[in-house]
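First subunit A sits with subunit B, and in the next complex the same chain sits with subunit C.
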Partner chain A sequence: MNLSHVSTDLRPVVEEITRRFQGRLESCVAPRANEVYFHARMDLVAGFCAHLYRKWNARLVTVFADDARAGDEVFHLYYVLALDAAHGFLSLRVPVSPEAPEFPSLANAFAGINWQEREVQDLFGLKLVGHPNPRRCTLHDDWPEVYPLRKDFDLKTVLPPFQGERHKFRKVEGEGVFQVPVGPVHAGIIEPGHFLFSVAGEPVLYLQLRLFYVHKGTEKRFESLPLPHCVRLAESISGDSSFAHATAFCHAVERAAGVQAPARARVLRSVCLELERLYNHIADIGAICTDVAFVTANMHAMRLKERILRVNEHLTGNRLLRGMACLGGVRFDWDASQLKALAELVTELRPEFDSLVAMIDGSSSTLDRLETTGVLKPEVARDLGVVGIAGRASGFDHDLRRDFPHAAYDQVKVKVPVYQVGDVKHRLQVRVDEVRESLSLIDQFAANLPEGPLRAEVGEVPADRVALGCVEGWRGEIFHWIRTAPGNRLARCKVKDPSLQNWPALSEAILGNIIPDFPVVNKSFNLSYSGTDR
Partner chain B sequence: MLGILGKSISTGIVTTSYPAAPPDVSSHARGRPEIDWANWKDVRPAAAICPTGAISYQEANGQRLVQLDLARCVFCGLCAEVDKAIRMTNVCECAARRHEALIFIARYCLNDDGTHHRHLDGPTTPGASPLGNSPPAPAASLDSLGRQIEQRADQIFGRSLHIREVDAGSCNGCEVEIVGLNSPVYDVERFGIHFVASPRHADLLLVTGPVTRNMELALKKTYDATPDPRLVVAVGACGCSGGIFGVNYATRGAVDAVIPVDVYIPGCPPTPHALLHGILLAMGRLQRESGH
Partner chain C sequence: MNLPALVLQLLLLLLLAPLVSGVIKNWKAKLQNRRGPRPWQVYFDLAKFLRKDMVISEHASWVFSFAPYVVFLTALLTGLMVPMVHTPAPLSLYGGVLAVVGLLALGRFFLALGGLDPASAFGGMGSSREMTLSAIAEPALMLAIFTVAITAKSTDLSQIALSTQSATGKLLNPAHVLAFAAMFVVLLAETGRIPVDNPATHLELTMIHEAMLLEYSGRHLAFMEWGASIKQLVLMTLFLNVFFPVGLAGPGAGAGALGLSLLAFLAKLLALSAAVVVVETTNAKLRLFRAPDLLSAAFVLATLALLSTFLFH
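Right, the complex of A and B next:
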């Protein structure tokens, strides 16, 4: 095959893989310089992924299925591996026959894909073989036998109201052990999910999560909308990451269409991504303080968050930056007065944020609650493939803005904070460092804002193109993978929010901590339920 | 400690004077769309570009019925980009006591080329008398509304309304803004409004949606656990109408498909001003229904 347009970083990997698995790879296609697909049989999956992990330090970032029975008479499974050092993605595509709808689990080797494999089982009806815990995940236990992401299942199918068991929880037994159920409706203004704590005295022995209460059929919904409307749906995957998800989706479509957003649009996108990071990080810092009863700090944080949201509204018309993203670029340009408002925000936030951080650092009772609380050890984080803030607080030196530069991040040098401690304090510290870095990045982007058009014409995207779009959202890495269908529509859209990857880490981080510390540990991860459940 | 006090004093009061003063909103903000109903020539481009079906039409007997449903609107402004008859205002106060009050229908004569002409009537809201171009709650009345509400709330609740927020399926965008109500900028406690941890302590459920199949039962149980008299406020395009998700295998759509709703607050998400407006409206309704 011709590898001439594969990036020079990725080419040695592709060549080595081609040699190593000679005769077992059916084909190899490279639709983009940093996105290569190998097609093979199912029996290659375990060896392929293990080899890439061992030899090239690849990360298995997502596993998903695609119902290709109409064209190829099979389901396809995709295993997407990120090669951070080579700045590229290698994917393995294998067929699953509808006559024998099962596939072998990799979850014993790659714990981070445990839930994603079960999602494939739930939504496509492909049975997992050898999975350590092959129970239902996305669909609660007593859902009827339906496979919503199969093409012969109608999105509008009306199911009777849910009855029965949602999850058969494991029993934890022993003298003095009791279980504390919490949720799905929580005490605070947060999303729904069920937590079952098993405790002996105060320390938590075991935490089981039952999520997917807000499963909305989002991935199926993508298949029913014209492409431009899908951008609005992407904004509603996780409201606090509206712009990041919409942009990841736009990246995927633009890559499928072979179009790049103009320079000015790429910079405006980056500024919006940093504004989203700013307001969420500052809100989280405040909320962490509230959870250890330092409410005054949160009041200042909420005041700053409000300040940012108003600038968001002034710049994009919406406080959560909705409506700004569009295929091929961005919708709204910023005039001198809007850019001035942005500059004033940055100037004002610097001393305000410093004084907020000083307030926290000066409160020994606050620090006492944050330090050594909810520790996620680096080795556990690595095994679970934990990404984003939580990953960086536990030794994972990774950020898509630096490793897979998107939008305008190729024009700046992003400093990535990494700590080894992995407690609540260091998840807060990663946010503190990133807020300062965001302010600096916004300054750099605003100072070098190129002139020119706001959007490139995307037009109708031909059918059967596949593409992966990514964005480093404030919470962590976001992936959107699409396959296009005729009539400017989608045959499949797989959405991977960082929360889906990180939830199991919360169960690990809380072990040995007391229940009263759970809110602050949970907040220090601040994972999206909607992004997970979709 | 002294530093913390000093910081509070130097920061001063940051609380908005809303509703005594109109909301302080950027001129770039996208709020309720305004339509030049009389001169509207063709609904089709706007209907085609609307991602949630907030603008739709039906044709029969040479006439065209055009509908704008604010409960579905996500205020993206795409319709205004393709149709000069539509303009996005920055008005965020859209809450209404019935879904029908958010629906505006106008009737036109249909032309052979697919455009329409001669405005026959409308916009009207179903079952209501014809309204002007600017339907729900004009901002000017809010000052008095706010003062009335305070007095009424004082009478009924002894200066306190307790809210239980229920996320029945939202994307968490609405939650981002609802949390803001507790910030010093909006400070709902100045109205005696508190967010409480249990529905058993609540007078009002603030529900975001679409209601998922997996949350339907939890929402019903939460409603049943809330003592009478109780109010339900549906929040956001999804809570009011199902939004961009609509009704599908995993969602039931709007909150009122599952429990009775007293007030609808459109928006995607509604801003804290819009939320405040809707909650105050709901408090007024409680007063009336409890027979005072």
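Right, the complex of A and C next:
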């Protein structure tokens, strides 16, 4: 096996794995320096993942299936592990025979992949063995027995009207225990999700989440579009992370094609990612204050957000940065006046943002509501694999911008704020620190903006290439994994939004808190329904 | 009973109450750098609710439809017992203080029943929270009023106002000042204001007063909202005219004196609204379980006020 082009950080891991599992690994391919795939049989999965977790501190970031019956006559299951210290991804690919469509669950060992395993079961009809809660997840209980992500399920299939119960909730009983159902339709402009609180008086005993009300079949849709059009689809996965999702997708395709975006485009991408982070973080800081009825701070924050959105529009023609991303680079260049607007934004935001933070820090009644509320303990966060802002507020020292530098993040040093407390206040604090860091990053990028072309020619990507694209969005890490098909199309696109990983943590963070504190706890996570439901 | 006075006060209560709510909303928006709704928007809202059809849960009983009228009428009736532009008030009677507290409690009782009746989760939560908080707010209110009642040696609100007015020094009496402070906290709690409740929130899980109104629509909602704003005006008037009766016209005042008294009342009302706006803008809402602490503080203040009436007699 030739490992010469595997990165020096990752090589010792690959060598150790190869030695340890000698004879049980069928092959090992390394399409890119930081992306290595092992092929093996199903019985290796548990031992492989457990070993990487114990010995190399690897994180199981995503589990998904791929219908490869056309070529290899089997389904493939992929287990993608991130090695933060070695800055690389190791994936294990195992076959599942269509005659015995079963796979063993790892959810008992890796609680964080609970929903993703069930998603494979729902969408591919591969039955979970040994899962602690193998009920329906992505498709609700009233779906007929269809498996939409199998190749023999036509995208245009019209299903009969569903009947029966959408979801059976667990019963929580006891003297003085009440159920408070909230949703799926909420007050305010947000997407649907059902929260069933079991309460004894005001304290919450148990929270059951039911999401996936708007499953749109996005991953299936990717398989029917020409590659360049898929970028627009990726933008629509989660509206507040349009640019991050589109860029993660572009990264995946560029890696599959063996192309790198030109230096100028990479810097522009990074600036746009930071702008997306800025407007979302500032809006969240305001929204957290609204949820404890400190509306004055929110009005201040909304003003700053609006300022950023207008600059977004000036720079990319769209307030939410849509239409900027494209395969091989970015679509629009910025002239001197646009760069001046960007520089002015940063200069203006610094003192304005400081005054917003001072207003919040100076309001003892607000701090009293935020401190010790909705604590997510670091050990729970680690068990559930919580990522992004919520992870960093609960001791998870990780940021793809630093650990897997994409776009132009290899040219700067990203400071990652990490706290161990895990309450609402510290999820707010992570945002505050990151806003300041973003402002400094934008300054650095704008000061060293290289000249040159905006995009590299991607051309037609050969069939059957696999690639993983990743981006640290404002909410957390976003992954797009693709396998290409003939004719510049995709055979599979797996989208992993950080929300999918973090939702279950909300049920843990709210335990023991009182119901009126739920909105602010929920807001401090601010997870995407659309990114989860897809 | 004086019929023109009755009609005048009735009109004032009905027409002024929505405006006070509107002014507070508008000023809050101004302090938050927003333009905000026009102060008289509340009238349009009420007119709209009165025109609209009602949607009533099939699980609701007669209590649900009965409650809005009880809430509205008790607030109105209470309002007639409190001197607004002149003493005595149109409904002046001995034991008036008890009647005021009792009528408010009756309104609240039906408001809570109305929240519970359609068996929606939010309404029940609102009712339970309202009763929990009022169990502390109500005694504080009573003690504060009793303090001034003892000083005035009368349980008739008009007599109390007259007596407080007769000697300006009484306003600086420690008992009076303490009762005044307790009353202000009770006022914030009883009118569903930050830091106890947030009248502007859309988050059902955090609501107290609004949660009980969630199932109401159309005419019922109009009476609930109108009743709430009248209750707010009544409590503010109680606060202003019984505890701080500066400028209040006495018995047998002429038209000119009455006009002056009305102006003084409006000025005091606006000043009090401004104070409420400032409190609402500069504070976050308390944690639900901390709200009783605040109300207990009001209760303690009122108790001290009562004690000091005897100490500094």
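The rule is simple: the second predicted complex is superposed on the first by the 533 of 534 C-alpha atoms of A that agree within 3 Å, B and C clash if a C-alpha of one lies under 4 Å from a C-alpha of the other, contacts with A are read in each partner's own complex, and residues count from 1 in each chain.
Note that in this section a contact is a pair of C-beta atoms (placed from the backbone, for glycine too) under 8 Å apart; a residue touches a chain by one contact, two chains touch by 3 or more.
A quick note: this is a predicted structure, and the numbers were derived from the prediction, not measured.
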item: First, second, both or neither for A:192, with subunit B first and subunit C second; value: first
item: Subunit B versus subunit C as contact partner of A:299, first or second or both or neither; value: both
item: Partner chain(s) touched by A:519 [first = subunit B, second = subunit C, both, neither]; value: second
item: Contacts of A:338 with subunit B and subunit C, given as first, second, both or neither; value: first
item: Comparison of subunit B and subunit C by subunit A residues contacted; value: B
item: Contacts of A:218 with subunit B and subunit C, given as first, second, both or neither; value: first
item: Touched partner set for A:377, first subunit B, second subunit C, both or neither; value: neither
item: Which superposed partner A:530 touches (first subunit B, second subunit C, both, neither); value: first
item: Partner chain(s) touched by A:140 [first = subunit B, second = subunit C, both, neither]; value: first
item: Common interface residues of subunit A - those touching subunit B in one complex and subunit C in the other; value: 187-188, 296, 299-300, 303
item: Interfacial residue positions of subunit C with respect to subunit A in the complex; value: 31-34, 121-122, 124-125, 194-195, 198, 200-206, 281-290
item: Residue ranges of subunit A touching subunit C (in the complex, touch as defined); value: 178-182, 187-188, 202, 289, 291-296, 299-300, 303, 363, 365-366, 368-369, 514-519
item: Complex contacts: residues of subunit B adjacent to subunit A; value: 3-4, 7-8, 11, 14, 25-26, 28-30, 49, 51-52, 74-78, 88, 165-180, 182-185, 195, 197-199, 210, 212-218, 222, 238, 243-251, 268-269, 271
item: Residues of subunit A touching subunit B in the complex; value: 140, 146, 148, 153-159, 161-162, 166, 184-185, 187-192, 212-218, 220-221, 225, 228-229, 232-233, 236-240, 242, 283, 296, 299-300, 302-303, 305-306, 309-310, 313-320, 322-323, 332, 338, 355, 358-359, 362, 528-530
